[in-house]
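Heads up: the structure comes next, in structure tokens.
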Amino acid sequence: MLHPITINHYLVLSVMLLVIGIIGMLVRRNVVVMMMSVELILNAANVNLIAFGKHLQDLNGQIFAIFVIVVAVAEAAIGLGILIALFRNKETVQVDEIDLLKW
Amino acid sequence: MGDNLLSLILFTPLIGVLVLLFIPGRMKDAVRWWANISAVAGFLVSLPLIMNFDKSLDGYQFVERINWIPALGVQYLIGVDGISVLMVMLTTFMGMLAIFSSWDSINDKVKEYYAMFLLQQVGMIGVFISLDFMLFYVFWELVLVPMYFIIGVWGGPRKLYAAIKFFLYTLAGGVLMLLGIITLYLQHIAQTGVATFEVTQLMNTQMPMWMEQLVFWSFFLGFAIKVPMFPFHTWLPDAHTEAPTAGSVILAAVLLKMGAYGFIRFSLPLLPNASADRTIVNVLVVLSLIGIIYGALVSLMQQDWKKLVAYSSVSHLGFCTLGIFALNEQGIAGSVIQQINHGISTGMLFLIVGVIYERRHTREIKEYGGLAHVMPNYAIVFAFAMLSSAGLPLLNGFIGEFTILQAAFQANMAWGAFAVTGVIFGAAYLLWLYQRTMLGEVTNEKNKGLKDLNWKEWAVFLPLMAWAIAIGVYPKPYFDILEKPVAAIVERVNGPKAPVNAAVIELKKTEAR
Amino acid sequence: MSSFYTATDHFVLLPALLLALFACATLLFDFWVFPESQRRKHLVWFVLMGEVFASVAYFRQHMFLSQHGGELQAFGGSLVVDQFALYFHWIFVASTVIAVIMSYKYFEVRDEHHGEYYGLLLLAQCGMYFLASGNELVVLFVGLETMALTFYVLVGLLKRDQRSNEAALKYFLLGALSSGLLVYGFSLLYGMSGSTKLREIGAAVASRDSGDTVLFLAVATILAGLLFKIAAAPFHMWAPDTYEGAPTVVTAYLAAASKAASLALMLRILLGPLASSRDVWMPILAGAALLSMTIGNIAAVTQTNTKRLLAYSSINHAGYILLGIVAGNQTGIQGVLIYTMVYVFMTLGAFLVLTVLCRDTTTGEDINDLHGLMRRSPAHAIWMLIFLLSLAGIPPTAGFIGKYFIFLSLIETGHYWLAAAAAVYVAVAIYYYFRIVKSMFVDKEETEMPALSLSLGTRVALAATGAMTLGIGIYPEPFVKFAQQTLR
Amino acid sequence: MLDTMFFYMFALLAVGGAILTITMRSAVHCAVSLIASLAGVAGLYLLQKAEFLFAVQIVLYIGGIMVLFLFVIMLVNLDSAAKERQFHRRWIGGGVAAGLAGASVLWLLSKGAHSFGSPAAQAAPSQDGNIEQLADLLFREYLVPFELASLLLLVAIVGSVLMAKKRTS
């Protein structure tokens, strides 16, 4: 009944993660959740990389994925730092209340 | 000096600007003196040009050639033929008078004012002597910025609107013209493998008719907006009305001529097939005729003295373009002479408006009346300018208009007939203007104590009047000097043409080097 | 030398090493040697010294390439030094130097001076090095992120200014999204080829037909990420906010260097592995270019904040640059290169004038703050005029040369309508640039303002950007040659 | 067969966690859902014999990044935010647009997926040597990005300190 898992399954999964991440970016007001959505997008890329790597019997994909994770770490650190700086000045994390600039 | 005469003429005003920058702005008189010295020097160095110009020779004289940007095929290539000589003389002469006429009228930001004026002189002279299309384009655009400032900083109440409108219109036309230039350039490379903007070389380019027409319309936009021809003229009344007097003078006398000059120098010789195309000629002539009549009619209805003169420019320049697109020797020669005449007459008219505006600070025609009693000299000068502009025989305007009318009749009776009505209307609005402002009793108390012309104003008017009479009485030298270049152009347009490739010439993938 | 770090590797990597070294040293110096704020100006010298060292390294590469031609590959093809990379390296060096020089005074005035700033600038340039020289997806991605993260921080540097906080946050959020899309596209490229080297990817992509859907998806996501980085529509939303909120010097650096670096990346990818799928990305880019010019021009007309206005104008410029890529022939790419160089100098110059206006009482950002500048400081007003004319593309300034090449390439490849649209937008753009001019030359200031005093650094920076803007315009020959050489 | 079941399990965890992440009201709940999603992805790595990535995912992502997120959530005190409206006013538009984009992407991929032909005939990496090979590759082929990553982290450290530190003077 269950088909063997092929590369396509992984690709579909990664697209779902990607789209969920983009939706999260577009519709959520909470900045922290928006940052989490970015993590979802990066994970979508990683799922792709690992799946392709497995499919092609190639380790480059895994290496790439490691770097993507490193970048995710750095991004999160910076983003949260910026968030704290903003929060000190303006007690909100809702993105549409961050409206001094016209957006 | 003989070898670099044109460069000298071109850069004399620029040297004036550079020195001017080091004169402190608060020493207004020093600034004025220096600016006038530069302008007079600019005129004096241009005198050897006309004296040493040999009108019996074909082609260009005083040519200077320096490879400027070999990578693009752009050269610093300047030279003059009979047409450009006259335009250069007009520029240096009118520039000198315009600068002198601003002695008393400009008191704010004097240094910047003169710097802009001299800079503009460089651009205008450059336009008339460039034989490299890209060089021409650079000068063409260079003129815009000083004029923007002259209108926008020292102009009337709606100066900013007028200035930006002037800038936007002419820039849009200019950039579209650039596209045409590039198309021509690429075609030339595709056919000969030589990357150059040299006008005489570009003449060898052959294009399929549709492309030639496309290029023609792109040039047309650039030149027609500048002239300005009928549907594109709306910037002109605004710019003229708001500009300071000297700005209007230069605008009318020289700047507008750049458009007509462009038609003669570039459109006709470079695109002879398109220029002789029936549809194109008809469209252009009809636009010219509409311009002539429309300009005259609108002038009749103006309440504002300066605006009236501005609209009369539209009408007069209609004659110039009509002459060009009659496509015969008389027409083109007449057009060039009419351009000079228009420079003299309309320049005088603007100066006349300026004189009274400085005294009364209004340009409403109904504010005036009977000025002839208060300012007799002024009235005489005005009468002279008016008659010259209306085309009275023995004055300059007559020569130009008459020649153009002759050419128009020669090309097509109907054209001539319509153009004649323009002449009649022209006489009408000028005479009516004169009657409303100068004749009759002094109706307005404020006009009673007005002073007549002072010596500075006389000093501006007298040379202009002398030149007007000179052209009117003895126009032969002008026709002589124009004979060769005009014949060459007409020959190029009407003469036997090299066969045009019917097939589309594929643009080769070329490198600009 | 061990087998995986050869002399060639060293030679190629040296500039980046030097930059990183000086960056670390600057950070340390800030911490240990010059902790007191008044000694901070030594850091400027230190950064400049780093740039000198890096320049020497670049120069040696330059000499090597001009003697031997071709390109130098290092680290198994991960890094490559060719004329193309060097061209951008020089741009980065120039813009960093100018940014550093103009920064000191500005941050002093804003009372928000952090020594880390100078270290971060060098680190950003280090990231840019890998963007221009990287020839491998991972290097490019990590390099891009290094640059981007630095800019997120720099934009938020005015910590007490809420606008700066906001700008940083918005830039960060959208930037992270775009990086995510970009890396997703990269992952698909990897999937198609099984390699992260651009060359091998190129071979794999070329073997696919242009209607391939996965290829399309890869191209679309990568383009989304790249267009974002160069602030082209429809991914331009961050630019006005970020430009406005960021410290003006950072805005200048962001607008100039970061855009140039992203363009280097874009050209590397589009003309490298994706060259064979030109049919896929060309229409997208043409649409993006038209949209950028439209949005940039229309939105700029109503702006009252000079920085915002320049932001929209930079969106417009991104459109012109994209048109060069759309034309895609030799002339077009050459045009992109020249336009980029020109753009860097005139943008830096224009923002530089704005930083000079920044004083205790005014930020100099509102268009009204420029009122009467001609009276207060004619030199600034005239320089600004030149930069604006150049931005508008009026000869004889540098901007004209850039636009000329774009027009030339468009007509050469038969894109007449794109050329006509681009030409008309030149006239539209003049309208809002001349609002600034009007503000400087015509309007009078409401209160009498003192004349502006100038630090030596600002003078030097202004003279340098101005000289380049005028110089490239009046005598473009060497620069055109330089760009041509780059593409050989 | 077991693999297949595990795949669906982990995939469900990943996608379900992702959906919860962007829909939950409280930021803490979002974070926990994201952890679940990441754990699902980690499981998928394990299924594909990417043990090292699995470890990295657990240690770095879940252990590092998510703790950072939770830390910040606590620090900036998002309780009040949780009570407010959670979505943009324009959320419907955004959601629909993104959904459409997703559908088209899926369609694109399903059409194009066949183009990933059979796996390259290449010796399968020996099961136990995975990490060794990875390390070999990382320190030879990817030396440059590896070193570059150190700069990236330096930027992250300096930047986040610069952003987050209180002004002392």
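Note that the chains are named A, B, C and D in the order they appear, and that numbering of residues resets to 1 at the start of each chain.
Just so it is clear, contacts are C-beta pairs under 8 Å (C-beta built on N, C-alpha and C of every residue); 3 or more make two chains touch, one makes a residue touch a chain.
Being a predicted model, the structure only gives us computed values, none of them experimental.
Novice: Treat touching chains as neighbours: how many steps, at the fewest, connect chain B to chain D?
Specialist: Each step joins two touching chains, and the minimum needed here is 2.
Novice: Using the stated contact rule, I'd like to know whether A-C or A-D comes out ahead in C-beta pair count.
Specialist: Result of the comparison of A-C and A-D: A-D.
Novice: Could you put a whole-Å number on the gap between the CA centroids of chain A and chain C?
Specialist: 26
Novice: Could you put a whole-Å number on the gap between the CA centroids of chain A and chain D?
Specialist: 6
Novice: In whole angstrom, what separates the CA-based centres of chain C and chain D?
Specialist: Result: the chain centres lie 30 Å from each other.
Novice: Can you work out the whole-Å distance between the CA centroids of chain B and chain C?
Specialist: Taking the average C-alpha coordinate of chain B and of chain C, the gap between them is 43 Å.
Novice: For chain C, which residues are shared contacts with two or more other chains?
Specialist: Each of 138, 142, 145, 149, 152-153, 156, 159-160, 168, 191, 194 in chain C touches at least two other chains.
Novice: Which parts of chain A, given as residue numbers and ranges, touch two or more other chains?
Specialist: Chain A, residues with two or more chain partners: 18, 21-22, 35, 46, 51-52, 55-56, 58, 60, 63, 67, 70-71, 74-75, 78, 81-83, 85, 88, 95.
Novice: Which residues does chain D have that touch at least 2 chains other than itself?
Specialist: 105, 109, 113, 116, 120, 141-142, 145, 149, 152, 155-156, 159, 162-163
Novice: Could you list each pair of chains that touch, in label order?
Specialist: Touching chain pairs, listed by label, are A-C, A-D, B-C, C-D.
Novice: Contact residues on chain C for chain D in the complex?
Specialist: Residue positions touching the partner: 4-5, 13, 20, 23-24, 27, 37, 75-76, 78-79, 114, 116, 119-120, 123, 126-127, 130, 136, 138-139, 142-143, 145-146, 149-150, 152-153, 156-157, 159-160, 168, 191-192, 194, 208, 212-217.
Novice: Can you name the residues of chain D that touch chain A in the complex?
Specialist: Per the stated touch rule, the residues are 1, 3-5, 7-8, 11, 14-15, 18-19, 21-22, 27, 30-31, 34, 37-38, 41, 44-45, 47-50, 52-53, 56-57, 60-61, 64-65, 68-69, 72-73, 75-76, 78, 81, 84-91, 94-95, 97-99, 101-102, 105-106, 109-110, 113, 116, 119-120, 122-125, 130, 133-134, 137-138, 141-142, 145, 149, 152-153, 155-157, 159-164, 166.
Novice: Using the touch definition from the top, list the residues of chain B that touch chain C in their complex.
Specialist: It is residues 68-72, 109, 112, 137-138, 141-142, 144-145, 148-149, 152-153, 159-160, 164, 167-168, 171-172, 175-176, 178-179, 182-183, 186, 214, 507, 509-513 of chain B that touch chain C.
Novice: Within their complex, state which residues of chain D touch chain C.
Specialist: Residues 105, 108-109, 111-113, 115-116, 120, 139-145, 148-149, 151-152, 154-156, 158-159, 162-163, 167, 169 of chain D touch chain C in their complex.
Novice: Touching chain B in the complex: which residues of chain C?
Specialist: 329-331, 334, 374, 389, 394-396, 400, 404-405, 407-408, 411-414, 416, 419-420, 423-424, 426-428, 430-431, 434, 438, 441-442, 475-477, 480-481, 484
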